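Handing you a structure now.
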Amino acid sequence: MLGEGILRGLAETARNFVGSFVSADRLTTVQYPEERIAPIEATRDFPFLVYDGGDWEAGMRCVACQICEKECPPKCIYIVKSADKKPDALGKPQFYPARFDIDISVCMSCQICVEVCPFQAIKMDTEFELSTTDRFGGLLFDREKLAKSNEHYHKIHPTEAAEVDARLAEEKAKADAKATAAAAAAAAKAAVPSKPVAAAAAKPEEGEARS
Amino acid sequence: MSENADQIFVLLRHWIVGFLPAGLQEIAGVVLSVIAIIAIFPTLFALAVWMERKGLARMQNRIGPNRAGPFGLLQPIADGIKSLTKEDIVPLRADAVVHFLAPVLLVVVVFMGIAVLPIGRNMTLVHMDSGLLFFFAMGASTELSVFMAGWSSRNKYSLLGAMRGVAQMISYEVPLLMSSVAVVMITGSLSLEKIVEVQNQYTWGLPHWYIFTPWGLAAFVMYATAATAETNRSPFDLPEGESELVAGYFTEYSGFKFALFFLGEYVGMLSISGLGTTLFLGGWSAPFAFLGWVPSWFWFFSKVLMSIAVFIWIRGTLPRLRQDQLMNFAWKFVLPFTLLDLFVAALWRFMSDGWARWVVCSAILLAVYALMGGVGMSRKHFGLRKYRYAE
Amino acid sequence: MSLLFYLIAALTVVGGLAAILLKNTVHCALALTVAFAGLAVMFLELDAQFAGFAQILVYIGAVAILVVFAILLTRNAETPKDGVYSRNWFAGLVIAAGVFAVLGWAVVHSTRVLPHETAMPAVTVLDIGNALMGRYVLPLEIVALLLTAALIGAVIVAMHEKEGAK
């Protein structure tokens, strides 16, 4: 009948009104900033650079390949490669970023830099209370501000971090296995030429003794 | 004792006026009553704004403002201070005089409408024989203010909003008057005090309020619909539709003038609720005979605040009506139904008192409502929309 | 003739004059509304409550709105280029003077012809209602018929326009 829909709608809003005082699922807001709702794991706000171990400069995974700088849609990343190299986690000497700036007022949190990084060096942070009174410099994050430890990554994205660590450990194991195999082969090669040299050295001695 | 509590404001005025010489007493009494109205109704306006924000919030699964004062009670004051300290911008090519006069006219007219409402026993500011007509005359003048606001802003959107607003207000003026005419017909007088007095009688402890009669209930529903449209409240708030027309006819108003429009709209809502209370809900009469000891003005204000709560409830529930849907509804449903209600009220009066007239009147009203509703709904085709392009 | 009457009369006359002399057409319509309001207050001062409120309700609430809508929908509200005064103003003045003379004579003559009331008649809305339904019911019905005809005519004109646009 005419008006039935209106009455049903009124009943629903009345239920919302009364329910918001008694049950939590009818009042979904919290008193921010005194109470906060825990973010879900896949939350992403702005990027940060991961470093392993204690020293952020030595343990930084980033090798300044500049792929993320090229792929960033609003071009908010600015990288300057270093002149020298330093050994990375696998022992290989790699470049490192002398300068790594992200302008978070430009960044649109699309996560493309994270997706294209081959070294698991840049990941998404969950920090959003970044307001500052300095309109220009305050929102330009440099290398030091962006560097956060692997423990921090584990805290904010546990399953993702565990996965990344497993992958990195696997790569390291493979690299180690290759290294030991290469070392064994090198050792074998080094052992074989020493015997004929000794035989050749022994033979002229025998020849000298007969005549 | 309860007599004193009931008449406390009247006695207070009498006492204050007693200090003045005899010649000034009458005018001083009137001035005191005017000051009381100007003090009370803006306070009620602040209360209504607070109720609206908290009530709408709770209906929308959130808490309303709760930082300014306990439970956000000082939020309207904060809003008022904000409006007063904002820059008053008048567009360069706008008509400055008319632009200034529009909110002034609105507020003046709306406050004048309150003058005839019987707020309690012996508590009407001006006793008029045709008080109801005066109230509607003031209501008709608010349309002029809406038009002035929209036209003087020299803004397409304001003008569109004003045109729509005026068209809507004129369309719903007729059902508003017609539903009150039924009440006048049964009471036999245009005087609002008389209407309340007639409803102040009790049978078996239940009051004779007009809403408890079949024709009265139908008239009340029509009156409430027309009142919602007259005050540009949701679901009829297309003229000030925030998502369609920025703010409609008061787009170009800022600061205090905007606050005056806001005040005019809410006090208009309060006064039209006051009239609805007087006509249908018994004004200052208590719901049950044994509650007669509670002061009369308490009942009046609680009924008005309950009507405001219903306004807010409806605003939180219904989506906005499109302009043509709104006009169709007024002319094709509400107006014929009010005419039928007039006929049924006449039937009620001429049938003798008893259960027969209840049955007959209710049956006629329900049958026609179901019929018109059924016809109206059957023409709705819910499905793929067919478009008709403009020529 | 009290001070109040002179004030109200001044307001009405100023409103009427402004309605003729102002340049902006919508301003003229609003000044006309002020003149209507002055008339309504005069009715109220004469204790004709029904007439006064009906004046506000009908004239200010409906006729003024109608006038303003008509102005907006049919012509530019800006000042016309060749001024507001018509070329045949002298003929207009003569006709206006003639009408005023006739009305003035009728009003002055009526004080001699109609019975002189000593006390102010207390006319209530009830009396007006009785008169409308009793003695003057035929004019009431004729006016209603006229209004219905006007309403139907307006609907037909609007309908034809819609069909004409198609």
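When the chains are written out, they are named A, B and C in that same order, and each has its own residue count from 1.
Here is the rule we use: a contact is a pair of C-beta atoms (placed from the backbone, for glycine too) under 8 Å apart; a residue touches a chain by one contact, two chains touch by 3 or more.
In this text the structure is predicted, and so the values were computed from the model without any measurement.
Asker: Looking at C-alpha means, what's the farthest chain from chain B?
Answerer: When every chain centre is compared against chain B, the largest gap points to A.
Asker: Using mean Cα positions, find the chain sitting nearest the overall protein centre.
Answerer: Looking at where each chain's C-alpha mean falls, the closest to the middle is B.
Asker: When the C-alpha atoms of chain A and chain B are each averaged to a single point, how far apart are the two points in Å?
Answerer: Inter-chain centre distance comes to 62 Å.
Asker: For chain B and chain C, let me know how many angstrom lie between their CA-based centres, rounded off.
Answerer: 29
Asker: Starting from the mean Cα coordinates of chain A and chain C, work out the distance between those two points in Å.
Answerer: Averaging C-alpha atoms per chain gives centres 82 Å apart.
Asker: Would you pull the chain A residues touching chain B in the complex into a rising list?
Answerer: Touch list, chain A to chain B: 1-3, 6, 9-10, 12-14, 16-17, 20-21, 26-29, 31.
Asker: With touch defined as at the start, can you tell me which chain C residues reach chain B in the complex?
Answerer: So the residues of chain C in touch with chain B come to 24, 26-27, 30, 33, 49-50, 53-54, 56-57, 60-62, 64-65, 68-69, 72, 77, 124-125, 165-166.
Asker: So in the complex, which bits of chain B are touching chain C?
Answerer: 95, 98, 128-130, 133-134, 136-141, 143-144, 147-148, 151, 163, 166, 170, 173, 190, 391
Asker: Within their complex, state which residues of chain B touch chain A.
Answerer: For chain B paired with chain A, touching residues are 55, 58-63, 66, 313-314, 316-318, 369-370, 372-374, 376-377.
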